[in-house]
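Report on the structure given below.
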Amino acid sequence: MSFWFLVVSRWQSILESTWEHILIVAVAVCVAVVLGVGLGVMITYWRSLAGPVLYFCQVVMTIPSLAMLGLLLPVFGIGYKTGVATLILYSLLPIVRNTYAGIEGIEPAIIEAAKGMGMREITILRRIKLPLAWPVILAGIRTAVVMIVGIAAIASYIGAGGLGEFIFRGISQWNLQLVLVGAVCVSILAVLADGLLKRVEGRTRR
Amino acid sequence: MIKLEGVTKIFPRQKVPAVKNLSMEVAEGEICVLVGPSGCGKTTTMKMINRLIEPTEGKIYVNGRDVAEVDPIKLRQNIGYVIQEIGLFPHMTIAENIATVPREKGWPEDKIQERVDVLLELVGLDPEVYRNRKPADLSGGQRQRVGVARALAADPPILLMDEPFGAVDPITRAHLQNEFLSLQKKMKKTIMFVTHDIDEAIKMGDKIAVMRAGELVQYDTPDRILSAPADDFVVALVGHNRALKRLNLVKAGDVARKDVPVAKGTCSLEEAKKLLQADNLPVIVIVDGLNRPRGVAYKEELLRRNGQAHLQEIMTPLESVADEDATLYDALSTMLNYGERYVVVMNHNKEFQGIITFGYLLELMKENGS
Amino acid sequence: MFVTCGGAAAVYFVENPGSAMAARVLTYNHLAVLTAQHVGMVVISSLLAATTALPLGILISRPRLRLLGTILENIVNIGQTIPSIAVIALSFTVLGLGFNTALFALWLYSLLPILRNTYAGIMSVPPGVREAAVGMGMRPWRILFKVELPLAFPIIMAGIRTAVVVNVGTATLATFIGAGGFGHLIVTGIMVRRLQLLLSGCILSALLAMLCDHLLGMVEEKVKASI
């Protein structure tokens, strides 16, 4: 029962950490969406870049997240910045890949009809390509968010704050309840984010 | 209206030109059909007109202006474009789809809405029902109608149509073709129409351009293509039943015999016999007071009967009929369907227009000399 | 190539430790131990995961257990959204520190993609194909081995690849619960601020991930060619 005791007695710091966690993920995702969609759109116009850009993102994904945090540490220093930078890097691949796939997956006839009717390229992008690719892009964002909720927990290790702190403090102090609080909260957060974005996705697909 | 001068297109990394030194002209208000096997360059030719593809050599004039000097966006906004896959925007409603070009051109919103309704009406879709639907809710034929409406939205003088009726079932296709032809009668657009189906070309075209391997083989009226094919390729393309296909070119209403006697149902048998005697007709057509055919009486039956009876009593209900806009081909199949030697031609008000008999049909074909 | 790169990197960092503190950690012996730990964790847990998840996936794809299949599929989908660090932390609260805890966490975590893809792969076999096999009088076992598994193989293999690559990454976290591995280099590097330690840990684990991906890709090609 000491688990519940802990939850009740520390609920304020749990909420604070959760909020911190959400914030770092949100900031990273916002930046990653802008960058990722931009990059994804760009490589549909410069096809020759598509291969290298996607390969780069793929390689980033194979690097273990702890290693990435370590690699960026000398660049951005201990704390928040390194965490956000790492999260952005990891969310790029699903977003870029899905933006590219979403736009490439549009029936060519639709684009041809739009062109043939004299729509400007910028209008086609804004009114045809992005709206049609949006459900796919959103799926990419969902993958990214679920992934970086977990990575953000690891980022606590280099002082980025968030729920991961409970886990690491708990392990070093041999406080099992603290570890449990951290792990459970992070898991709930990931599952909730996934469910929420899935619902948004379902709405756009209709 | 559309003029091509020595147009050649060689795609990058290809040796053989897709279109080779093509020159032709499409007059205002005409439907010109580009026909040929796949890969013959017909679609490429069409796409060069609205600059979706740029020619390697040669010049293309639309309305007397060299298209290379016109802003492609402006050019395309004034040329309607219909393709086989239609390419309706699935995330927009039917109304939004049709409004695409007017919006691009910056029309006022109330004018756009009005135009959308007029167009939906024009292609035979009830605006109240279809305006706010999404393309996914429509059948293939309905989508194709929306595609045509969308191309006509800004009232462009020119239409480019790439196999526009290729993706629908044969019955719907025939329907859409007929509707489009009657629409064109009113619109008088200049149309470039691409198809691989020679029957469609014969039906739709005022002129047919037969293409092979990027070259123009023959550019002529459908009748000339059928009666005087330029070479073996055209012969093979139109097929061995050319004579039959030429029946497609003639409207039943134009050749039906109008000078034949008709009789009211109250007419006596004796009188009817007299009327028939003058002509070598298998039947006498019985009409009502408004000159609408009600039935026929067979000659044999008439001659066998005697006495005071009225024509009404030996009347057979009318089955073998054709619309005046139907082709002779349709008329012939109607005859064969009902096993009759005649077909009665009626106009849109269901009034008697004339009659076509089997013997007369044979004579017609002989005269035309195929 | 990956092995050579990894070897070269290891040799370079051991020969040029940059500082005395790093030099104490970066010895050939220590590196060998960490490599053995890391590779051991990944290989053992992956093998265990494959041998449990494959039969389980096949089992729940049987028509009789279809209801169980859909239920399990949903559970697995939720399970996959749970972050790896949480799985490790949770295992720690139950099993305490040590190599075996890490093994358990990694096994559990790589179970999910393999299970899901096995199930999805078999379910993706067109019903017409299965029906044709039944119609020709093939026995259920033969259908499974001659029709369903070969057709589902690419999807199953993709699941295994994902599982292993993720596994290599997750295994770096095992150092937090005292199971060693390349994560030890990274964590020590972060703590004592020695780039050499950090880099060697990063590069070795990243290379291991790519190597595994590559090897499994080759296995996939081989098997595909032999079916």
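The first chain written gets the first letter, and so on, giving A, B and C; residue counts start at 1 in each chain.
Here is the rule we use: a contact is a pair of C-beta atoms (placed from the backbone, for glycine too) under 8 Å apart; a residue touches a chain by one contact, two chains touch by 3 or more.
A quick note: this is a predicted structure, and the numbers were derived from the prediction, not measured.
Student: Return the chain whose centre of C-alpha atoms lies at maximal distance from the corresponding centre of subunit A.
Tutor: B
Student: Could you name the chain whose Cα mean is nearest to the mean of all protein Cα atoms here?
Tutor: Of all chains shown, the one whose C-alpha centre lies nearest the global C-alpha mean is A.
Student: Could you give the separation in Å between the centres of subunit A and subunit B, each centre being the mean of its C-alpha atoms?
Tutor: 56
Student: Report the inter-chain centroid distance for subunit A and subunit C in whole angstrom, where each centroid is the mean of the CA atoms.
Tutor: Distance between chain centres, rounded to whole Å: 22 Å.
Student: Taking each chain's centre as the mean position of its Cα atoms, how many Å separate subunit B from subunit C?
Tutor: Roughly 64 Å separates the two chain centres.
Student: Would you mind writing out the residues of subunit C in touch with subunit A in their complex?
Tutor: It is residues 78, 81-87, 89-90, 92-93, 165, 168-173, 176-177, 182-183, 186-187, 189-190, 195, 198-199, 201-202, 205-206, 209-210, 213 of subunit C that touch subunit A.
Student: Subunit B touches which residues of subunit A in the complex?
Tutor: Touch residues, subunit A against subunit B: 107, 109-120, 123, 128, 131-132.
Student: Under the touch definition given earlier, write down the residues of subunit B that touch subunit A in their complex.
Tutor: Residues 50, 52, 72-79, 81, 83-91, 100-101, 104, 147, 150-151, 160 of subunit B touch subunit A in their complex.
Student: So in the complex, the part of subunit A that touches subunit C is made up of which residues?
Tutor: Interface residues on subunit A, with respect to subunit C: 59, 62-71, 73-74, 146, 149-151, 153-154, 157-158, 164, 167-168, 170-171, 176, 179-180, 182-184, 186-187, 190-191, 193-194.
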